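Pasting the structures in now, so scroll down.
You will see chain A twice below: alongside chain B first, and alongside chain C after that.
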Partner chain A sequence: MKSTFQLRYWNHINGWLLVLPAVFMIGLFTHYPIGANIFHSLFSMGTVTRPEVFTGLENYRYLMDDDIFWKVLKNNLVYSMCTVPASISIALGMALLINRNIKGRSLVRMSFFTPTVLPMIAVANIWLFFYTPEYGLFDQVFAFFGGDSHNWLGNPNSALYCLIVMVIWKEAGFFMVFYLAALQQLSPELKEAGLVEGSGGWYYFRRVTFPLLMPTTLFVMVNAVINSFKLVDHLIIMTKGGPDNASSLLLYYIYENAFSFWDTSYAATLTVVLVFILAIITIIQFTVVEKRIHYR
Partner chain B sequence: MRLWGVEIGKIIETAGAWLLGALWLLPVVFALWSSFHPAEYSTRFELFAPLTTENFVRAWSYAPFPRYLFNTFILVTLILAAQFVLCTLAAYGFARFDFFGKDFVFALVLLQLMIMPEVLLVENYRTIGELGLLDTIPAIGLPYMASAFGIFLLRQSFKTIPKELIEAAQVEGVSALGILWKVYIPLSKSTYIAYGLVSVSYHWNNFLWPLVVTSSVNSRPLTVGLAIFGAPESGVDWSIITAATVMTMAPLLVAFILFQRQFVQSFMHSGIK
Partner chain C sequence: MSIISLKNIYKSWGDTEVLKNINFECEDGELLVLLGPSGCGKSTTLRLIAGLEIPTSGIVEIGGKDVSDLPPVKRHISMVFQNYALFPHLNVAENIIFGLKARKIPKKEQKKRLENAADLLGLTDFLDRKPSQLSGGQRQRVALGRSIVAQVSVCLMDEPLSNLDAKLRQEMRQEIRSLQQRLKMTMVYVTHDQVEAMTIADRIILINGGVIEQHGTPEELYNYPATAFTGSFIGNPPMNILTPDTQLLQACPSILLPSVDFTAPYLLGIRPEDIEISSDSGMECLVELTEYLGADTLIVCKVEKHSITLTVKGRVAVSAGDQLRINWKVEKIHLFDAANGQRIEHLKGATP
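Let's look at the complex of A and B:
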């Protein structure tokens, strides 16, 4: 008979052995690179003739004076603040529609969800053609109503918004699924009670359904914000961040610095900023959001 | 108010849903249209425009799409297999064993949910370079193989398995790994399917990281191949680019249409904490 001490001892060893492979891999590709990014951001860019030198916060000083960085950061904020609320409200609307007993419901659900299974690259290719001056779908529709042709993606004032519209289309169906799951868990008795009291549809939604969906909204919101910082595939196809960085986003600017300009130490500095932003979002989630919602 | 025995509100609701659904499907329909028609019809929508598969034949011959397709297939399979093994072991450890530092290590693992490997592409590229794996298929998969998301989902699922079942197996003298294999894994089948579908869709579609670590036909997945093929400077005809686009998204799209319910349920399942 094993003693309790021996059993507990084996618990520790078995537990550690089981998690070790995964923990090692996550450490290697998540925690180590975070540290390495911070480390490399403190050095100058090494070249063939000149080794990299410790420069302290020099890269960060450069970053503060880098107009493109501020422009890209502002773009990213505009991008997040447009795509997140819009795709979430459309997602909620879709879920409410599908949750009603309408005809052809599964077909409609399928069409809402389709963009989710498509690669962003394929989507970008299709939408690139929509935005083509004169021949594209948008200009054809405008021409039908007697409008002029527009260089949608070539104009610094519209390029970012063109991307925003496309991303809302791509993501709304994905977020809808989480609302659908939540709506299915709301009890039907609640609805009956609300209707017996004679409350109208909108009133019922505002006072009962929407508050009950709050945990889902917050969960979806955190995911949407993170996505708006980590998904830049479409930029490579559609605008390359242009014209004049008008549609560039932070991760795309990092990619450009690292793999077009080969300035890896500045790219590391920018990555530190991005990780910092994501860390703030995480902290907000764990302190504010998780405390407000109580999971069963 | 009622019209033909149906409530007007209901009619508006249905019409609204259908309209929005049609609008949402439009880009895909358009892509299909222009890939199956000769170039001169790619923006002229005539019902009886002649159908053709010429665009596909030409796209197929202009770029090594069979190879790209093969690479993506290998990549997705490799990642999924590795994820199942690594995440199952880790989830079992976190769900059923009490070990020193467990909560802290679990918190460290969850960090990956927020800071995905593609965000850290500069340093991960350096690491892959030092491992001598640049431009290989495993290089694309490595950063994703231990997935915090998979560990989290499986751990949730393992935790719901009743203790009585485990105790019964222990009484019969089944080992710890035997219990995992005979009790936990079979009872979590739906979670594995859900996670598998989410993972396959993610990696079939993933682009930025594969773009960075690959540099030849030998390792490039479909998405990267398509991006190179469709670049404006390649000068390829629009209809042919759409055909290539349709080819890239077709396998997942067909799977989705066939197993629509399963897909939606899986994504739903993966979002519930």
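Let's look at the complex of A and C:
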């Protein structure tokens, strides 16, 4: 009896020792920062002369009344709602296109993938030129057809959508790679069985291909949503959130508060909100959507 | 009436010609087996009938109609694939009626055909399961079910049993045969296993290197092999194919040999089960190896550099190194032309 007890005991110690490095890393870089952040959000902003004091939920009260926060949050929702479905469907379309035997397949594949390889900063600079009034690509094309000049990024009505278009262009190629990998895992026999059974392109796609790609779609979707909240590099180059915060996103607003205005407590408060939103989305994706997915 | 007919079919992949002048017909309600070693073109032939491949030249007819340019859907065929090709995310019922839904058959009719097929295949209790929750044999049945509900005249099967273990394979083989006869299906069945082919087929087409070696009933292929290849491919253990050289002709009493002029190149074929051990007559040889198989014993012996295999009933008291006399009836000898492997009749009045 004693020996079995000891064995169980050692098993536990062994197990804990094995996960210890991972626990340490995740604790240090994920759990501790979240906790510290929540703690920090309960204090007022400290300066050299006035040390920070505990203010409870004061920061959150301020947040509720902050018009810019609501505007930025709305921007971010529009941004996510546009970029996520669009980049996923374009990725799927491109993957389906180049999964077939077409001429110049590797060239097409490469050109679809190139935007992904470029750093966001470079992409933002390229698109900055595209959007430049008068001599940018878009205005030149419009001018050719007799259109007027537009200040694409300077107009509050179009600035956010200009960013959305660019991000879709950048992200779709990356997601395409995952879809392409998943498509190549599908047995050609299934496709042939589909052909014999009389299911044409769309029916087969709807009943077989798409459901079998669902695990990939979930993975891509989670990544796309997270990216839509965390990728703000292009804002710094292109609009700096302007004009009048028309193109600002939540994370960029946090960055501004923390490193431009040095209001770290308010930035911490905003961060808590961001983490909360992301947690909710992830939980929904992994519970509701997961149930409807077939895993092999 | 022939329901499938292939006329002058050629098929190449780039420079490699995989099928050369394939011509055959398959009768209504017949089970036709395409048999041959790996890479001989039998699966390609089946895929040509299905419309999954397009012949380089030649005509495929199904039901008297030229279908060479039609896609698989319009050929009124069903197909069972080697790995069953079941849709992993759909349950058994959905898998079976997948094609009916695609073809927009009325719901009531779908249900009727599904119940009928499930009943026939003993799948009624498994309709809600996913393919991953089924055994190999059950998956095979689902694939068959898909074929049955289609209610088409021709069913194509591509090595349907190759993923099953030996015992299950035999069961499924008998089941497929009885289904085919009960439902009067026309079936084209691809296999590389000659035992499977012999037991299941009405007719066999033996293919080798992209050409048809022989087309006939299992009895014809066994008793009258048209080529030396057919002789050696059909039957287990395979037929002995001997090249008669001077040493063999000296060692072998002339009564055992067909009366032909052996200065021309011939091949002699003799089945292991047609050879018997004799005490006083026949050819002297040296036992090299014996294998006891229960019902019979397999003996491999040597005459000069020729190796001859024979099977005898039950257990025999011979072992490696023993001297043995073997004997056979001369009419059991199959004579082939060494140049092209074609059969030559050496007995008067014998007809295949």
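One rule holds in what follows: the second predicted complex is superposed on the first by the 261 of 296 C-alpha atoms of A that agree within 3 Å, B and C clash if a C-alpha of one lies under 4 Å from a C-alpha of the other, contacts with A are read in each partner's own complex, and residues count from 1 in each chain.
We adopt the following convention: a contact is a pair of C-beta atoms (placed from the backbone, for glycine too) under 8 Å apart; a residue touches a chain by one contact, two chains touch by 3 or more.
Not measured: the values here are computed from a predicted model.
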Just to be sure I read the superposition right, which of the two partners does A:Trp152 touch: chain B = first, chain C = second, or both, or neither? neither
Looking at A:Tyr203 after the superposition, I want to know if it touches chain B, chain C, both of them or none. Which is it: first, second, both, neither? second
Chain touching more of chain A, residue-wise (chain B, chain C): B
Return first, second, both or neither, reflecting whether A:Tyr131 touches chain B, chain C, both chains, or no partner chain. neither
When the two structures are overlaid on chain A, which partner does A:Val177 contact: first (chain B), second (chain C), both, or neither? first
Go through the superposed model and pick first if A:Pro211 touches only chain B, second if only chain C, both, or neither. second
Quick one: is A:Thr271 in contact with chain B, with chain C, with both, or with neither? Answer first, second, both or neither. first
After lining up the shared chain so the two structures overlap, which partner does A:Phe259 touch, if you call chain B first and chain C second: first, second, both or neither? first
After superposition on the shared chain, which partner residues are touched by A:Pro33: those of chain B (first), chain C (second), both, or neither? first
Where chain A meets both chain C and chain B, residue numbers: none
Chain B partner, complex, touching residues on chain A are 8, 11-19, 21-34, 36-37, 40, 94, 97-98, 100, 102-123, 125-127, 129-130, 135-137, 140, 169, 173-174, 177-178, 180-181, 219, 226, 229-230, 232-233, 236-237, 251, 254-255, 258-259, 264, 267-268, 271, 274-275, 278-279, 281-282, 285, 295
In their shared complex, chain A is touched by residues of chain B numbered 10, 13-14, 16-18, 20-22, 24-25, 27-28, 30-31, 34, 43, 86-87, 89-90, 92-94, 97-100, 102, 105, 108-109, 111-112, 114-127, 142-143, 145-146, 148, 151, 176, 201, 204-205, 207-208, 211-212, 222-223, 226-227, 230-231, 238, 241-242, 245-246, 248-249, 252-253, 256-257, 260-261, 263-264, 267-269, 271-273
Which residues of chain A touch chain C in the complex? 187, 189-190, 192-193, 195-200, 203-204, 207-208, 211-212, 294, 296
Where on chain C is chain A touching in the complex? 50-52, 71-73, 77-79, 81-83, 85, 87-90, 98-99, 101-103, 130, 132, 146, 150
